[in-house]
Amino acid sequence: MTPAAARPPIKFDILKTRELGIVLALAALVLYTTINNPRFLSGQSVRDNLLNTAILAVMATGQAVVVITRNIDLSVGSVLGISAFAVATVMSDHPGLPMIIAILVGLAVGAAAGLLNGVLVRYGKVPALVVTLGTLYMYRGITYSWAGGSQVNADELPAHFLNFANDNLLGVPWLVLIALLVVGATTWVMRNYRVGRELYAMGSSPPAAELAGIKVARNLLGAFVLSGALAGLAGVLFAARFGTVDASAGTGYELNVVAAVVVGGVAVFGGSGTVWGAGLGALLLTVISSALAVLDINQFWQQAIVGALIVLAIGADRLVAVRIARSLRKRDAHV
Amino acid sequence: MSRKFATWDTAIIALTVLVLIIASLVVDNFGTSRNFTFMVLDLLPIILVALPMTFIIVTGEIDLSVASTLGLTSSLMGWFWNHGLSIETIIPLCIVIGAVAGVLNGFLITGLGLPSLAVTIGTLALYRGLALVVLGDGAVADFPFNYTGWVTGTIGGGAVPNVLILIVVLALIFGVILHATPVGRSLYAIGANAQAAHFAGIRVARTKFWLYVVSGAVAGLVGVLWTLRYSSARADNGAGLELAVVAAVLLGGVSIFGGKGSLPGVLAGVVLLTALQNALRLEDVSGQALNIVTGALLVLSVLLPNLISSIRGNWQRRKLRQSAA
Amino acid sequence: AGCGGTTKDNQSDSAGTQASATADPNAKLKEGLKIAYLPKQLNNPYSDVETSGGEEAVKELKGEYKKVGPNDAAASSQVSYINTLIQQQQDVIVVAANDPNAVCPSLNQARTAKIKVVTFDSDASKDCRDAFINQATTQGIGESLAKMALEQAGGSGDIAVLSATPNATNQNAWIEVMKTELAKPEYSKLKLVKIAYGNDDDQKSFQEAQGLLQSYPNLKVIVAPTTVGIAAAARYISSSSYKGKVQVTGLGLPNQMRQYVKDGTVKKFALWNPADIGYLAAYAGAALASGQISGAEGDKFTAGKLGEYTIGKDGEIVLGPPTEFTTENIDKFNF
Amino acid sequence: MAEATALLEVHDVTKSFGAVAAVQGVSFPLYGGEAHALVGENGAGKSTIVKMLAGVHRPDTGTLRMDGTDVDFAGPADAKAAGIAVIYQEPTLFPDLSVAENIAMGNQPLTRLRQIDRKAMHANAERLFRRLGVQLDPTRPARGLSIADQQLVEIAKALSSEARILIMDEPTAALSAVEVERLFSVVRSLRDEGAAILFISHRFEEITALCERVTIMRDGKHVATELVADLTVDDMIRRMVGRDLSALFPKQTVEPGEVMLEVSALSREGVFRDISFTVRAGEIVALAGLVGAGRSEVMQAVFGVDPYDSGTVKVKGKRLKPGSPRAAMAAGLALVPEDRRQQGLVMELSIERNVTLPRARKLARLGLLFGGAEREAAATWTSKLQTKLGSLSDAVGTLSGGNQQKVVLAKWLSTSPQLLIVDEPTRGIDVGTKAEVHRLMSSLAADGLAVVMVSSELPEVLGMADRVVVLREGRVAAILSRDEATGESVMYAAMGQEAA
């Protein structure tokens, strides 16, 4: 396992970071695909890839924070669903509301769901995997019961809401900007602020964190609320981008999100990895599936290849970690 | 701790019995022998896959690829059948292929030391993808009736489903291994402290490796049974089963962190979930509400014992303080 | 292979118990029949419209209406519901099979328990149901799809199909007919480049549409023989730079497509009235349960407001020809 | 030593865990500028008192008073805020974080934007290490530190918070004399600046060297609080144990038998090199050296829990398969590891399961195991070692540190080994039991058992060993016979020229 915090000389650092592996894999994949089909790097295609990544990256950010604390949030797909449906319903009932309200509604719904997760984990002393597997079913069930068979269609949603997914600032779509902001700010806080380091500490050794006087309860609730709120935000982005929302929105997303986080080098045992790595993981997964579509690989092979690549990515990450551990031992050696 | 264990086991088993009794009294058609058969068939895949899953979770690992392994063997079963292999050859072959899928998981996890959650999320996609490669969008349906009929049938046409024998035999084998053999002991030790287990001469990596092989083989067997039950070999068979199995195992009181849990608890957990769903469906409670019930049950099953013990603790302390004052 | 074991070639098939009671064309339709609908999955707007027609018919018949179903469209998830319906001793089960074979043993058990089984929308194997309500003949739909594609492409160019799941029975049948049509000389300038699958999942369909356009720059028409796919494809095109250059057609619900017909993304699409399917199924089921018909070819019955129907070969009942929707007529429909 | 109001006062506190009354009505004061020792047998309740002072446990009854007013800590954060720094008996580091971050956690130096000032943080860690005379890279992760290094980081962590009250629960258990002396000089200077120190140790020479006052506990009860100067060591021990204790190191002389273990030219890159020594039946060979000299690593490689790169290990002339603890056990080896929490015990499992873990296969009948056989086997050895426990089916984690150590010993002795490797066998064990353990080792050796003992306690090494193998920086520095081994010769070899 790598030290999140070990900081040998800079040159060394870049050569060894686990994120480097992902960047290289990404570059190789894009290069190969582009050689085969130059349209892969066309404006529209890059835009589509980034837009598709945005939602996953936002969720992966929250998930990464939770995983760093040695927990997991499997309910994110269902939280996305409930938030997307809530926001779509609100916006179709009150088409005059500005976008910012939609975003706030999504964040609030998600934060509430995350808070319940956090409270159950912390005060109910129920392991996160159990809690969030349970709320995965519950939140989805609530959305289904609420929606019944109904669906919010694109034509019921106000134009400014739908346009949000396509509008951009200086050529960069809002969705992508939001994702960049979320990933960047969270990475920064996790690296340079006390609360961030405390989250790493909590994941590295939960009992030691209690003894060190870290406000474990507050931080843990914070992590779950963040993950929930970001899944809620992802719900808003989802509704704006896809226009049609029914109760099944985001089903099965949790595995993609966890895969992105893991591929991005965040250790499932907590304490190490970075948020921007998780963001890169999300980008890599998205690019893999769109590259396979572009390369016109048999539809039936696509899923198998994605699976194999995930396994490869984890394996490569492990290789880097082992090398770091070895160099650490050599550095200490006095023989 | 072992005391708490006992109460947890008895609690979940008692709850299961209670639910079964109440349901047979209150819900029309619940207690019929035909409904019993339906229920056994519904819990067949979950209970079988849950057996090795319990072992794996007790050692502190997880296998999320089981449902995809099931899909892969189901696909291959159809493919072999279409290519003229006899069913008597296909069944053992499928079990072996399941085991091979487990070998890959086991190698990645114990040989390369990768985290099992991450690896099996990867192979979850990989095996399901391979299943699609094998059978594509097709379905193979014309399996012989004496086999499909056996899976859905009952002993001598009576009330006891044929597959129940299989469940009982496998559950007994797994139960004895977990609770009354040195191997079982070592699984708990591995889950609670792998390093101490290593120091005690337990071959941690090798043990875990074999657990994945067994898990794959059982998933292969369930792939066969699934295909025969629905007389339909398809690539998407069993999709999503992994979460249902993990939910049932956790409901049965196995700690996701390893080192704790018992097989009777898990069996009760599976029966409880299936019986509740069956009863609620008979009462025309919608599928959506079933989701909520499943989720709530999962959380409550761990939450309630915790709450009770912490309330009891507070109460005791208060009494102590009062008596001191 | 085959060393004396049971192989595909030497098995003795003893499945399927064809219930063949004799019909009494003068029998009165019974009241109080328990008619249960089991669509492919709940929360699908299309099947909601279908079953709403069924509910109306059951009310006319003074029966007991019920709708149950799984949340996912997996092949096997319907079986538990069929078993429950058997336990509840329904009189008629109206089912849209997710897999023609997976439901068979259970449906036959139902029939052994004297329950009449009518399939709609998507058939089960013909030896495990009493009648099948076919929305339109496979031939008719396939031809109509090919014809619309030709019109929209302006006579020549690349076309692609965006279907539902790779194993959806009816979609595959239509696509087959469409392919035979395309082989005819008048279609010689149309080239079918790809069949993509959106799994009847809104988002997956959206991304598949996106992938098609990236891979096939000369694409002129996307034909989506599924209501989910056509809506998703239309939504993607209407918000991308391809709007106006690439046409979308296929089978869709007027309410979902109205916006895109109005904004010019879609010129023409087709569909039958789904409510009528459910309606017809109720009457067919009631006629079977009352002994008016037995499901044999040539049996006749009256289906309320829809008039008289005759059972065709293999117990098929054809609803009628599909309706085509364009800017001119779309506002006349509301479903 | 002005007897002003106490900085901190423990007043009539009681704490029970279920049926176990760990602490019953204990009171004592802690004065500023004074080091206060807390002594008692294993399980006497010392760590429980520490945890109450640290805010980990809340007293069932009784109060804690700071500067004369009652305080109630809701958690460790409160205690920390009140100026109490604690070194726990078991290290509590964050393995993924750097050593510097571990030390600074909770009061990292901040820049203006409230961001962490890494430079200042590393500088601070380096300053502390210099003060303690430790050579550690502040940027390396805590994972992989030896238990002694972990203990040193813990000490640095406690010192960094500049607390008014410093509580140390057996901080020296894993340290050798040199580090202990450095620690003491730092602690003395803190004390002279007015801090109150609570110090727990089972080594009386340390208590007399450091402390002014001592509180003695027995079975959770307060026995006495006195000035150290007024008591002899024997007085302390008598009050602690409630009876007189005989000679501490009853080593019997034995005629050594055949060669049991032969280690030759064993090397592992970066850890140790060219290690050769032999052990005969009936012999006790001690491995001595400074912390981090590689003693534990050598023995772990011999037993097969760690790999080695080259060299051979022979048991009774037969080569031992490398990297297989199971093969080592089959050849009659047993290893009592140094870190009982991580390596020795499975905390959540019951005592009986822990004791029988390496032997489960032998206890099985027809491959099946039933509770009775395990209980019986476990009962024999735990009672022989006078382990203080409630029931054999209790989780081993509920035992006191010393009693846990006895369970580890029981676990390995019950395998009836022919060669016993013990790594810090009496770490954290009280005097009474320590004598018991030594007597046991000695009598086992007399019965023909070969013993390899890794120990950082010089008196133990000198008292018990027939031969002393001294390691320095991963190499054999000297092999001394019982007659050659003196305090000076061992330390000289362990530290090399410069320490002379």
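Letters A, B, C and D mark the chains as written, and numbering starts fresh at 1 in each.
Keep in mind that, in the parts below, contacts are C-beta pairs under 8 Å (C-beta built on N, C-alpha and C of every residue); 3 or more make two chains touch, one makes a residue touch a chain.
The structure displayed is predicted, hence computed values, not measured ones.
Participant: What shortest step count links subunit C and subunit D in the network of chain contacts?
Facilitator: 2
Participant: If you take the mean of the Cα atoms for each chain, which one ends up farthest from subunit B?
Facilitator: Of all chains, D has its centre farthest from that of subunit B.
Participant: Distance from the CA centroid of subunit A to that of subunit B, rounded to the nearest Å?
Facilitator: Distance between chain centres: 29 Å.
Participant: Find the geometric centre of each of subunit A and subunit D from their Cα atoms only, then give the gap between the two centres in Å, rounded to an integer.
Facilitator: 43
Participant: Quick check: how many Å separate the C-alpha centres of subunit B and subunit C?
Facilitator: Spacing between the chain centres: roughly 35 Å.
Participant: Would you mind listing the residues of subunit C that make contact with two or more other chains?
Facilitator: 42, 71, 166, 197
Participant: Send over the residues of subunit A in touch with two or more other chains.
Facilitator: Residues 144, 247, 299-300.
Participant: Quick one: which residues in subunit B touch 2 or more of the other chains?
Facilitator: 132, 136-137, 286-288, 291
Participant: Determine which chains touch and list them pairwise.
Facilitator: A-B, A-C, A-D, B-C, B-D
Participant: Which positions of subunit B touch subunit A when the two form their complex?
Facilitator: Spelled out, the residues of subunit B in touch with subunit A are 64, 108, 112-115, 117-119, 121-130, 132-133, 136-137, 243, 246-247, 250, 255-257, 286-299, 302-303, 306-307, 310.
Participant: Write out the stretch or stretches of subunit D touching subunit A in their complex.
Facilitator: Touch list, subunit D to subunit A: 54-56, 75-81, 86, 88, 92-98, 101, 105-106, 108, 110, 114-116, 118, 137, 139-141, 143-144, 269-273, 294, 473-475.
Participant: Give the list of subunit A residues in touch with subunit D in this complex.
Facilitator: Answer in residue numbers: 1-8, 192-194, 197-198, 200-201, 203-205, 207-215, 270-272, 325, 328-335.
Participant: Which of the residues in subunit C come into contact with subunit A in the complex?
Facilitator: 42-45, 47-48, 71, 166, 194, 196-197, 201-203, 206-208, 210-211, 213-215, 217, 231-232, 235, 239-241, 255-256, 258-259
Participant: Residues of subunit D touching subunit B in their complex?
Facilitator: 14, 16, 58, 60-62, 305, 325-326, 328-329, 335, 337, 342-350, 353, 356-358, 360-361, 363-364, 367-370, 393-395, 411
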